[in-house]
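Several structures are given next for inspection.
What follows is a pair of complexes built around subunit A, which joins subunit B in one and subunit C in the other.
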Partner chain A sequence: MAEFKPYTYFQCPCSDNSVSVREVGGANPAGQEETDEDERTFDPRAPRANYSLYPLEHLLYCEDCHQIRCPRCVLDEIVCWYCPNCLFEVPSSSVKSEGNRCTRSCFQCPICTAPLSVSSTEPPPEGLGAEYATVSGTYVLNCSYCLWSSKEIGIELDKPNSVYAQLAKIKNGGEPLLLPKERRKALEERREAGEDGSHIPGSKEEQELDAESHFYNLKSFYQEQLSDSSPAGALGLTGDYGYGSPGALSRIMGLYTSGALGDRKSKNKSGTMREAHDALEGLQITPLSASDAIARLCTSGWEGTASLSQRREQPHNPRFVSDLRPVANLLRTKRSKRCKTCRHILSKPESKVQKTHFRIRLVALNYIPNIAIRALQAPSAPSGLLAPLKPTQFLLTFSNPLFDSVRVNIATPAHTPGRFGSKVTILCPQFEVGANTDVWDEALGESGGKAGSEREKRRTKAEASEGQGQAEAGKIWERGRNWVSVVVEVVPASLRLDGPEFLKSEEQRRDAGPLREDEDVLEIPVFVRLEWEADVAGEEGGGLATGNKEKEVREKRELAYWCVLGVGRIAQD
Partner chain B sequence: MSSLKRASTAPPAPKPPVHFAPALVIADNAALTGTNLISIGLHTIIHPRAKLNSTYGPITIGSNCIISERSQIGFQNPPSNSHSEGVFIENGVVIETGAIVEARKVGEGSVVEVNARIGKGAILGKHCKVGALCEVQAGEIIGDFTVLYADGMRRVDRAGIEDLKLKMVGRQTEILRKLIPSNPTKFQ
Partner chain C sequence: MSRKPAKGEYIETDTGNKVSRRSQIIGTTNIILGGKTVIQAEVIIRGDLLRTYPSSNPNEKQGTPVAVAIGRYCFFSRGCELRPPGKLYKGSFSHYPLKIADHVFVGPGSIIEAALIGSHVNIGSNVVVGKFAIIKDFVKILDGTVVPANMVIPSFSIVAGRPAQIVGEIAEGEIEGFDLREAYRAVGNS
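After this line comes the complex of A and B, so read on.
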């Protein structure tokens, strides 16, 4: 089993926890359910809790709402599209018209997804003046990782650049593929030929259409049918009662908008639509027997069959490795994030693709204290598991990123929710964490040295008085410049379900099933309430001077949220 | 500067018997240990800190090979009787940094990439490629033109550019010959 790493997840207040909350402890009367939502304990095991818990690094903070914002309560806005391979920005208009793939020369290997490079099939020129010689010959796409080459699917290119446009014209095996424009032209030519004489039965090549020309043929055929069968009326209404006719919908709409007009118009009836009946019109007959494919499967074997992940990358769902095509790189986006409530921007990257800076980035890491968990004593068991029913102490270290000192109140339920309620006691639930200072102030400033030494003194004093190794109720364990650690005592529950009946909690009596996955993980819900006095003048420009001096305008701030401490796994005895 | 270094009081370990072809490059810092014959072919490059261990069997390296630094050639621990023939590396093979090669045979033009590992008695065909961190089990036989990549994936490469690749390895050795100072006399 992998080693358990303690974790802290923060609950975003955006989630509706009225449903996710389960009754805590069996002793509560049924009337408890009617209590206010605020008084309920957050249950980290509730099915919905998964969607509201995030590590601190994933959270943002809205300065205007003074609230934590999670990925679910921000709005994403796309700043730009770019290709991750060539780092060229793609305008959103061409994303709309040409799709979300790089249309330059960036391709992924269809076998292993590594980037492909273009190389010449001719050996590089040697000898004197080799660097001036023009490289001739054909080019192939090469994968430097799995050594796949487009030669294997019979594709060779004439130019080393604009590979996307070249590939659009070549089928696997080297046969030319018609571009949409040419396709249209060919279709018109054929149609004219068809109108002149009797219909020419399609050759085999004509019968097999690739996805794009299939779609194009079908589309043009039905468009023609539409315009033939229903000449639009003056108001876009057509009179036609035939089922399956395109006029039906507009007629029904007409009933609601202008019924009388529709009735009058419906007297002149026109012909119904017919379906496509050859390849020219987009008819493709699915082969009923798969004998071809089976025969191919027999000859090519396992090696020649495309894997599921390879097929998923391809738009045409190929079955064999020889049908795979190079995959154009998917474009990426840079996004800015807005608060859903107040629409202020929380995060905005630099719009240039190459720059990794952020213009605005309000991450929660800079606003709410981080909580680190550490076992106070080294775990007795070599496995690192928590011994059941044995009091174990953990250190919670709160580090304050704000430049104001923060009063912290923390609270936990006496028993963790769930079938196996472990006892939790926070020895010091109320404390103050010092302000954060600039790292350089401390290191460089002269006064910093003095204050620092004073603080050091305080810290050593705290250590001396509180006594290392003996946690005392109501006192903090250790204090630093902008951090405080407190002790939490946990008595892990026993994971046995076969104990005497009177020892069991109501939940265990109700549900005596075997231990479920991760039910042995001890998770403690903790309610954290922060209070601090923020400098308003700095934030709002001090424009609202109401007689007070700007510097002294300080506002009391409060922030409260649930978080979950994953402490460890309980040993099964 | 070497005179300032503290010399070990223990007598140096006996040098393994070697057979060097002319015009090979073997760096001063390469480590050749063992008791069996180590023979190295024409134009082969042995990088500094490459380790060739012939304690449990002879090592034969063909011509135009590149053995990179920190790679380990030869059995690392005593083999079972079935594969005690030693390690044979054919011409034009590239062994990259940190690879461990205990194969019975590595075919011509093969590439063993960074930190790959070829088990005892395995036979690698011609023009194979063992991708970075890939592993060939002991006693396995890998056919010609096989590419091992990713997490144990295999495919057969039919690009047919092996001559070009051999030529490129030849060029690489030419350049490395200028870059790496050779000292074959130290090992003879």
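After this line comes the complex of A and C, so read on.
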């Protein structure tokens, strides 16, 4: 079993509206809520808890709402699109027109997803002057991970660059694929021919359309039908609402074809539309017999069948490995984040793709104390598991990132929730954590940092008289410049269910099933309440505030939230 | 054991590198260490795998050739290996330099054949980074990942799997966690 690492998860208050930050003395009546808050416990095992617990690093903080913000209560805004392989930015206009994939030469292996590289099919020149020889011949896409080659699907390229454009013109097997422009031309030519009566519907070539031609044919067919029928329908005024009606269809198509239908010349004819009746008009007949597919299955076998994850990457839902195509890299985004409540920006990255700086980055780490967990004694069992029914002490270290000292109140239920309730006692539930001093000496060069940590050590020694490093009720364990350690004592529950009936908890009597996954993990819900006085003038609006620095306005702040401490696994006896 | 008290596990260089006496560094003249880098026991660095193909850039300095360039505050855990990548190009085989920026952590037993690793990169244990891979800044590669050759991993990615795939994004608050100054200071010499 992997070693258990203690963890602290924070609950974002957005998952529960009744827990909210209040300005002390504000208009918000506190009385009623206060009692609710104190009585309510939080069960970290509840299915919903999974969606509201985060490591502190994943949380942001809104300075205007004075509240924690999690991925569920922020709005993402796309700053730019880029290809994760070539790292080129893609303007949003081309994302709209070309789709969300890289249109350069970035492709992933359809078998294993590793990047494909272009290589020449010619053997490399050898001997004297080899480096001056020009490489000729055709190119293939190769996967260096699973050794797949585009040769396997019969695709060879004429040049090593603009692979996307080249692939758009080749079918698997090497037959040319029509580009939309050529397709339109061919369609018009054939239509003219069809009007002459020389058009033979149902020829083999026409019946099998690829996805692009299929869409194109259908689109142009229905556009024509629409222009032949009432233009009033385009505005939805004809009053018929059926899906087959020209009006409804025009509205639906308008959604996908950005209003190009609007300027069609009107013929002022109203009537029903007919449906497509050959491949030229986009009709594709689904083969009712699967005999073709079965025959292919028989010859290609299991190895020749595409896996579910391979099929999911492909737009045309292929059944066989030989139908797979190289997958163009999906674009990625850089996003800024806004508070959902007040719309202020909480995080804004630099817009250049390759830059990693943030213009704005309000992370919760800089606003609320982190809680580190450490066992006070080395675990007795070599497995590192917690011995049931044996009191074990843990050190919780609260480190304050704020430049104001913070009063901390912590509370836990006497027994952890669930079938196996472990007894929990916090020896010192109330304490004050000193202010963080300027981080610059730590950040600038490490000579300053070193001196700082030594200073801290000395100070810890001087102040050790306060805590004495003894697990005593009402006393903190140890204190530093901006951190405080307190002891929490836990009596892990026994995981046995065969004990005498009178010893069993209510939950155990109700459910005597076997131990479930992670039910042996001892998780302690902790309610944390912070109170501090913030320097408002210094905080709001930076430059503006410097003028009236003399009248320092201090404001009482309060923040309360649930945390979950994962302290260890209980041994099964 | 009768080891002289002055001789610790690490040799400390003028620029503050802590290099284990039990590491294997081959071709030291072709290796640049930026300083404050920790190289643990059984780490192998192949400075001998030099570029033999002439550089296309004539302006490049003709001084001592560099096979492996490492920045500041890097941490190479026990048993990892750094190898400059090599390939056949226009008929001749050559190695190419392996460049590693600052605050790069490489876990135990991992093999690195990348072309470039940016700053603030955390590579787990038993990872293979294939030939000519490019890893940008602020990337986390989970234990046991195999990064295929030529793969580019953009900034703020979490990568896992065989072959590697991007499985997540680095959150805004995780950025500070990549700093390796504390890890460097924590390495005692005894």
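Going forward, the second predicted complex is superposed on the first by the 443 of 573 C-alpha atoms of A that agree within 3 Å, B and C clash if a C-alpha of one lies under 4 Å from a C-alpha of the other, contacts with A are read in each partner's own complex, and residues count from 1 in each chain.
What we mean here is this: a residue touches a chain if its C-beta (ideal position, glycine included) is under 8 Å from a C-beta of that chain, and two chains touch if they have at least 3 such contacts.
It should be emphasised that the depicted structure is a prediction, and the values quoted were computed from it without experimental measurement.
With both structures placed on the common chain, the touch criterion links A:Trp148 to subunit B but leaves subunit C unconnected. After overlaying the two complexes on the shared chain, residue contacts for A:Leu60 are found with subunit C alone; subunit B is out of touch.
In the superposition on chain A, A:Cys112 contacts both subunit B and subunit C.
Once chain A of one complex is fitted onto chain A of the other, the partner contacts of A:Ala364 are limited to subunit C, with no touch recorded for subunit B.
Looking at the shared chain after the overlay, A:Glu558 reaches neither subunit B nor subunit C.
Of the two partner chains placed by superposition, A:Asp76 touches none, neither subunit B nor subunit C. Comparing subunit B with subunit C, the partner in contact with more residues of subunit A is C.
Contact with subunit B, but none with subunit C, is seen for A:Glu303 once the two complexes are overlaid on the shared chain.
Under the contact criterion defined above, the residues of subunit A that touch both subunit B in one complex and subunit C in the other are 112, 145-146.
Residues 88, 90-92, 130-131, 136-138, 146, 148-157, 163, 165-166, 171-177, 181, 185 of subunit C touch subunit A in their complex.
Subunit A meets subunit C in the complex at residues 56-60, 82, 84-87, 112-115, 117, 124-127, 130-131, 133, 143-146, 332, 337, 347, 354, 356, 358, 361, 363-365, 446, 449-450.
Within the complex formed with subunit B, the subunit A residues making contact are 111-112, 121, 123, 142, 145-149, 151-152, 303.
Listing the residues of subunit B that touch subunit A in their complex gives 129, 131, 147, 149-150, 153, 155-161, 164, 167.
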